[in-house]
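Pasting the structures in now, so scroll down.
Two complexes, one shared chain (chain A), two partners (chain B, chain C).
On to the complex of A and B.
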C-alpha cells in the first residue's frame, strides 16, 4: 500500500519537476508571464510532493512497516524513535530522498525569495535557475524511480528489521549527514545561477552578487559537516583519530576545497572584473565534485567502509556527471566572447595575485586528493596492478601546500589591490613578521626542531599577527576620528564591514584548527599494554591504574567496561571507563572509548581486548595534545561566517538593543 | 602586454610543475602494492622490504595472541596460497577467523609478513543470522563480571 503510494508520489513529482523546468524555459523564451507563474507554482507543488514522500517514508519507519525493504534494512522494532527517524538517511535510497527533498526545498526558497523581489537582473535569470534546479531534482527522482527506490516492497514481510549499523545509532547521526547534505545542496544554487548567467548571456558580476550569501551559507554547512564528522569519528569510532583520508572523507573535502577557492576568487571578479571563466569553472567543479563524490562513495567502486554497494546507481551518477560537465563547459565555450575579462593583473605583488595563488594552491590540493582517491582505479586500468596510496601520500603532499595556503592567508587580506607599494607592505606586514619570527625563535629555544611544526607555528603567528594588527589599527583609527570608546569603535567596525571582518574571524578559526591539527599529529603519544587488576601503566606524565572489569545490560546492548583511574604526576585526575558494546546479531563488538577531554590535552583510552573473567585487559592509551583546538577552531569559523552573512538590519537592531541596555 | 602574459604563464607553469613534482614523488614514496596471498608467495623474493598490502581470509583456528607481549600471529589465505602474518598490537573490532582482512606491512627474509596495520573487511551485505541472538545470550558471555548500575 505505502509502497505503491510512495512510488506514485515520486513519479508524480518527477512529472511536475519536468513540467516546471519546461514551462520556465519556454515561458522565458516566449516572454509569457503566465507560463513563468505556472512554472513557479509547479516548483512549489514539487516541493510539497517530495515532502509528502518524506512523510510517507518516515511514517513507515516510525511504525516499523517492514513491507518496505528500506525500512527493514534501516530499523528494528526495538530502535529508539529518533534512530528510526534517522533511518531516513541511514542508507542509500533514503539519503537520496532526503537530498532530493533538500533540493526541492532550496528550489522553493529561491523561487520564494526572488520571484517578486531581489535585484533587477533576477527576473531574467530566474527561469533558467529554476530549470537547472528542477533538472537536478529530476535526476534524483529518476534515480529513485529506476535505481534506488526507497519505497521498494519486501515480500514476505519479515517479523523484524535489520536495523542501522549500531555505530550509527548515536545522536551525531542526527546532525552530521544533514549538515553535509545541506552543504552539497547549497552549492547547487550558485551553480544554477552560473548556468542561468551563461544561458542568458548575462555573464557579468550579477550572478555572483546574487548568490554570494547562498555560497557562504553552503560553505558553512559543508565546513560544519566536515568538522562535525571529524569530531564524531574522534569521540566514538575508537581509533583515536579524526581524519583518515578515507574516500568518503575525501568526497566531502574536494568540493570544500574548490568551494573555498570560489569564495575567494569571487572577490577578485567583483573588484577587478577578472577571472570570469575561472569562477564559472570553479562553481561547476564544486557541483560536479559533489556529484562525483557521491558516485565514488555510493557506487561501491572503491572499497570503503562507508560505501554501500549498488549497481545501476553508479552508472546513473556517472551519466549525470558527464551531462553536467558537458553542458556547463559547452556553455562556457559558447559564451567565450562575452566572457573575456576586462581586468589585468597589474603586479605580482598585489592582492589579486595573492588570491590567485591561493586559488591555485586550493585547486592543487583538490587535484592531489582527487588523484590519490582514484589512484587505485587508475593503476588498475592502466597497468593492471592493484596499487594504492595511503595516508603518507596525502600527508606528504597536503602539508607543504597547506603551509603555503597558511602563509597566503596572512598576506591576502592585507596586501593592497593593484600594486602593493613598499610602504603598504611595511605598514601591514613588518610587525606581524617580526612577531612571528620572534615566536619561532622562542620555540627553537624551547627545543622544537621539526621543520614542519616550526613553519606551521611561524605562519600561524604571522596570520594571527596580521589579523590582530588589522583589528587594532582599525579600532584605534575609528576611535580617534569618531571620538568613540574603543569597544564601541570595535563593534561598529565589525558591523560596518562585516564581510571583511567576518572573513578575518574565519581565518582566525582556521589558524586555531591548524595549530590543533599540527600539534596533535606531531606530538601524539600512543602506548598499548596488558594489565591485571591493580596494575598501572605509565604514559607520558600520566599513570593509568586498572581497577577491574564490569559488564551491564543496556536497552539495546551489553556494555562491558574497564574501571580505570588516571593519575597525573601522582595525583588522582579522572576516572575512565572505556568499554565494548555487544549487540545481539552483531558478530563483533563496538568500541566505546573514554577520554578525559581537556582544552590543551586529551587522555584517550581504548579497551582493545580483555579476558571474559576480568583477569586481564589490554588498553591503548593516547595522549592527544591540543586536539580540542581543532573543534574550537571550528566554532570560531562558525562565528566568523555568522558575522559575515547576518543581514545588516538584524545586526543593526541588535546593536541598538545593546546600546539601549548600556544606557 | 605579450611579455607580461608570458611572465604570468611562466609563474603559473612553475607552480604547476612544482605541484606535479610533489605528486610524483609523493606517489613514488607511498605507493603500496596489493597482493593476494598466492601472488605474494610467488613474488616474495622480489618484493622483500617493500611496503605491501595483502588481502585474504583469516584461516580458521590460526589466530594466536599473547596479551603480555601483544604479539598477534595468524594466517591469511586465498585458497591457493597462505601467508604467515605477525602483528604487534591488537586487531580491529571486525577482525576474526573466517572473515576477510587486509594487512599492510612488509615481507621479511625470515619468511613471514610483518604487519603494521590490519584492516578488517566489513560487509554491508545483510544475511539474517542462522541462530538469532538475544540480549540474554550475549549477557551469558560475561556473567562472571556482570553487575547492575552504570559505569
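On to the complex of A and C.
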C-alpha cells in the first residue's frame, strides 16, 4: 500500500519537476510571464510532493512497516525512535530521497527569494536557474524510480528488520550526514546560476554577486560536515583517529578543495573582472565532484571494478556526470567570446598572484586526492593487481602542498592588489616574519628537529602574526581616528568589513586546526599492553591501572567493559571504562572507547582484547596531544563564517541594542 | 575628519607612524605566548615507556600495512583481532632484527601488494607518485604564463590609451621644439 503510494508520489514529482523546467525555459524564450509563474508554482508543488514522500517513508520507518525493503534494511522494532528516523539516511535509497528533498527545498528557497525581489539581472537568470535545479532533481527522481527505489516492496514481510549498522546508532548520525548533504546541495545553487549565466550570455560578475552568500553557506555546511565527521570518528569508531583518507572521506574533501578555491578566486573576478572562465570551471568541477564522489562511494565500484556493473545506480550516476560535464563545458566553449577577460596585472608580486597560487595548490591537492582514490581501480583494470593507496601516500604528497597553502594563507590577505610595493611588503610582513622566525628558533633550541613540523609551526606563527597585526592595527587606528574605546573600535571594525575580517577569522580557525593536526599526528604516543587485574601500564606521564572486568545488558546490546584508573604523575586523574559492545545481529563486537578529553591532551583508551574469565585484558592507550585544537579550530571557522555572512541589517540592529545597553 | 576616514577606508594597514616603535618587542612576546601554548603538547613525546624504541618501530611499520579485513585502516590503527595478530607478528619480526623492508616483503608474500598502504615506487605505480608533482609543476608554469601575459598586457595597454591624443601631443611638442631648436 505505502509502497504503491510512495512510488506514485515520486513519479508525480518527476512529472511536475520536468514540467517546471520546461515551462521555465519556454516561458523565458517566449517572454510569457504566466508560464514563468506557473513554473514557479510547479517548483513549490514539487517540493510539497517530495516532502510528502519523506513523510511516507518516515511513517513506514517509525511504524516498522517491513513490507518496504528499505525499512527492513535500516531499522528494527527495537531501535529507538530517533534512530528509526535516522534510518532515512542510513542507506542508499533513503539518502537519495533526503538529498532530493533538500534539492527541492533549495530550489523552492531560490524561487521564494528571487522571484519578486533581488538584483535586477536576477529576473533574466531565474528561469534557467530553476531549469537547472529541476534538472538535478529530475535526475534524483529518475534514480529512485528506476534504480534505487526507497519504496520497493518486500515479500514475504519479515518479522523484524536488520537494522542500521550499530556504529550509526549514535546521536552524531542525526547531524553529520545532514551537514554534508546541505553542503553538497548548497553548491548546486551557484552552479545553477553559473549555468544560467552561460545560457543567457549574462556572463559578467552578476551571478557571482548573487550567489556569494549561498556559496559561503554551502562551504560552511560542507566544512562543518567534514569536521563533525572527524570528531565523530575520533570519539566512536574506536581506532583513535579522525581521518583515514577513506574514499568516503575523500569524496567530501574533493569538492571542499575546489569549493575553497572558488570562494577565493571569485574575489579576483569581482574586483578585476578576470578569471571568468576559471571560476565557471571551478564551480562546475565542485558540483561534478559532489556527483562523482557519490558515484564512487555508492556504486560499489571501489570494492572492485566488477561490482560496478551489478546495479543501475553506478551507470546512472556516471551518465548524469557526463551530461553535466558535457553541457557545462560545451556552454563555456559556446560563450568563449563573451568570456574573454581583459586580464591586467601591474606586477607579478601582487595579491592576484597569491590567489592564483592558492588556486593552483588547492586544485593540485584535489587532483592528488582524486588520483590516489581512483588509482587502485586503474591498477586493477590495467595491471590486474589489487593495490592499496592509503594514509602514508596521501600524507606524503599532501603535506608539502598543505604547507605551501599555509604560507599563502598568511600572504594572500595582506599583500596589495595590483602591485605590492616594497613598502607594503615590509609594513605587513616584516614583523610577522620576525615573530615566526623567532618562534622557530625557540623551537629548534627546545629540540624540535623534524623539518615538516618546524615548517608548519613557523608558517602557522606567521599567519597568526599577520592576522593579529591586522586586527591590532585596524583597531588602534580606528580607536585613534574616531575617538572610540578599543572594544567598540574592534567591534565596529568587524562589522564594517565583515567579509574581510570574517575571512581572517576563518583563516585563524584553519591555523588552529592545522596546529592540532600537526602536533597530534607527530607527537602521538601509543602503547599496547596486556594487564592482569591490579597491574598498571605506564604511558608518558600517565599510568593506567586495570581494576577488573564487568558486563551488563543495555537496551540494544551487551556491554563488556574494563574498569581502569588513570593517574598522572602519580596523582589519581580519572576513571576510564573502555569496553566492547555485542549486538545480536552482528558477528564481531564494536569498540566502545573511553577517554579523558582535555584542551591540550587527550588520554584515549581502547579495550582491544580480554580473557573471558577476566584474568587479563589488552589495552591500547593513546596520548593525543592537542587534538582538541582541531575541533576548536572548527568552531572558530564557524564563527568567522557567521561574521562574514550575517545580513548587515541584523548586525546593525544588534550593535544598536548593545549600544543602548551600554548607555 | 573626512580625510582621516578616507585614509582609514583606503588601507587599514596604513596606520600612521607609532606602531613602528613596538615591532620586535611585540613580535617576541607574541612568539613566546605561542610557544607557551604549544609546549604542553610537544613535551610528553619525550617521556619514556618499557621499550619505547621497539614500540615506536612497530607502530611505524604497522602503520604502513593494511589491515586486510578492515575497510581502510592500517594494522597500527585497526581494532580488529587480525590486526592485533599482525601487530604481534611485526613486533616479533622486529625483535628478530628484521628490517622494515624485510618485514614488508614478508607481508607482501603472504597477502600480495594489496597489504602495502603506500604503493611501492616502481613500474606502473610511479604514475601515482609522479603525476601530482608533474601536475603542480605544469600548473605553476601555467600560472606564471598567465601572470606574465597579464603584466605584459598592462604594459602595452598603458601607452596605447588613445593614439590620436598621443599623436597630437607629439606634434605639439615638435612645434614647440622647432623655434627653440633652430
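Methods note: the second predicted complex is superposed on the first by the 656 of 663 C-alpha atoms of A that agree within 3 Å, B and C clash if a C-alpha of one lies under 4 Å from a C-alpha of the other, contacts with A are read in each partner's own complex, and residues count from 1 in each chain.
Going forward, a residue touches a chain if its C-beta (ideal position, glycine included) is under 8 Å from a C-beta of that chain, and two chains touch if they have at least 3 such contacts.
Source: prediction; values computed, not measured.
Engineer: Under the superposition described at the top, does placing chain B and chain C together on chain A give a clash or a fit?
Structural biologist: Aligned on chain A, chain C clashes with chain B.
Engineer: Looking at the overlay, what does A:614 touch: chain B (first), chain C (second), both, or neither?
Structural biologist: First partner only, chain B.
Engineer: Name the contact category of A:414: first (chain B only), second (chain C only), both, or neither.
Structural biologist: A:414: touches chain C, not chain B.
Engineer: If we overlay the two complexes on their shared chain A, which of chain B and chain C does A:375 touch? Say first, second, both or neither.
Structural biologist: Both partners, chain B and chain C.
Engineer: First (chain B), second (chain C), both or neither: which does A:635 touch?
Structural biologist: So A:635 meets neither chain B nor chain C here.
Engineer: On chain A, which partner touches more residues: chain B or chain C?
Structural biologist: If we count touched residues of chain A for both partners, the winner is C.
Engineer: Let me test your reading of the model: by the given contact rule, A:476 touches which partner, first (chain B), second (chain C), both or neither?
Structural biologist: In the superposition, A:476 touches chain C alone.
Engineer: Looking at A:431 after the superposition, I want to know if it touches chain B, chain C, both of them or none. Which is it: first, second, both, neither?
Structural biologist: second
Engineer: I'd like to know which partner A:364 touches here: chain B for first, chain C for second, both or neither.
Structural biologist: both
Engineer: Once the shared chain is lined up, is A:515 touching chain B (first), chain C (second), both, or neither of them?
Structural biologist: It touches chain C, and chain B stays clear.
Engineer: Contact-wise, after the overlay, does A:396 reach chain B, chain C, both or neither (first, second, both, neither)?
Structural biologist: both
Engineer: Select, from 9-17, 27-35, 45-53 or 81-89, the region of chain C that bumps into chain B once both structures are placed on the shared chain.
Structural biologist: 81-89
Engineer: Looking at chain A, which of its residues have contacts with both chain B and chain C?
Structural biologist: 238-239, 344-345, 348, 357, 360, 364, 367-368, 371, 375, 385-390, 392-393, 396-397, 401, 528-529, 588, 591, 608-609, 618, 620
Engineer: Using the touch definition from the top, list the residues of chain C that touch chain A in their complex.
Structural biologist: Touch residues, chain C against chain A: 4-5, 7-8, 12-16, 19, 23-24, 26-28, 30-32, 34-35, 37-42, 44-47, 49-50, 55, 59, 63-64, 66, 71-74, 76-81, 84, 87, 112-119, 124-125, 127-129, 131-133, 135-136, 139-140, 142-143, 146-151, 153-154, 157.
Engineer: Tell me, which parts of chain B touch chain A in their complex?
Structural biologist: Chain B reaches chain A through residues 4, 7-8, 11-12, 15, 19, 22-23, 25-27, 29-35, 53, 65, 67-68, 70, 89-90, 92-96, 104, 120-122, 124-126, 128-129, 132-135, 137-139, 141-142, 144-151.
Engineer: Please output the residues of chain A touching chain C within their complex, sorted ascending.
Structural biologist: Chain A reaches chain C through residues 238-241, 244-247, 274, 342-348, 352-353, 356-357, 360-361, 363-364, 367-368, 371-372, 375, 378-379, 382-383, 385-393, 396-397, 401, 414, 424, 427-428, 430-432, 434-436, 438-439, 442-443, 446-448, 457, 461, 464-465, 468, 470, 473-474, 476-478, 481, 493, 497, 515, 519-520, 522-523, 525-529, 538-541, 588, 591, 600-601, 606, 608-609, 618, 620, 623, 625-626.
Engineer: Which of the residues in chain A end up touching chain B in this complex?
Structural biologist: Residues in contact with chain B: 73, 158, 162, 238-239, 303, 305, 307-309, 344-345, 348, 357, 360, 364, 367-368, 371, 375-376, 385-390, 392-393, 396-397, 400-401, 528-530, 548-553, 556-561, 563, 577, 579, 582-585, 587-591, 608-609, 611-614, 616, 618, 620.
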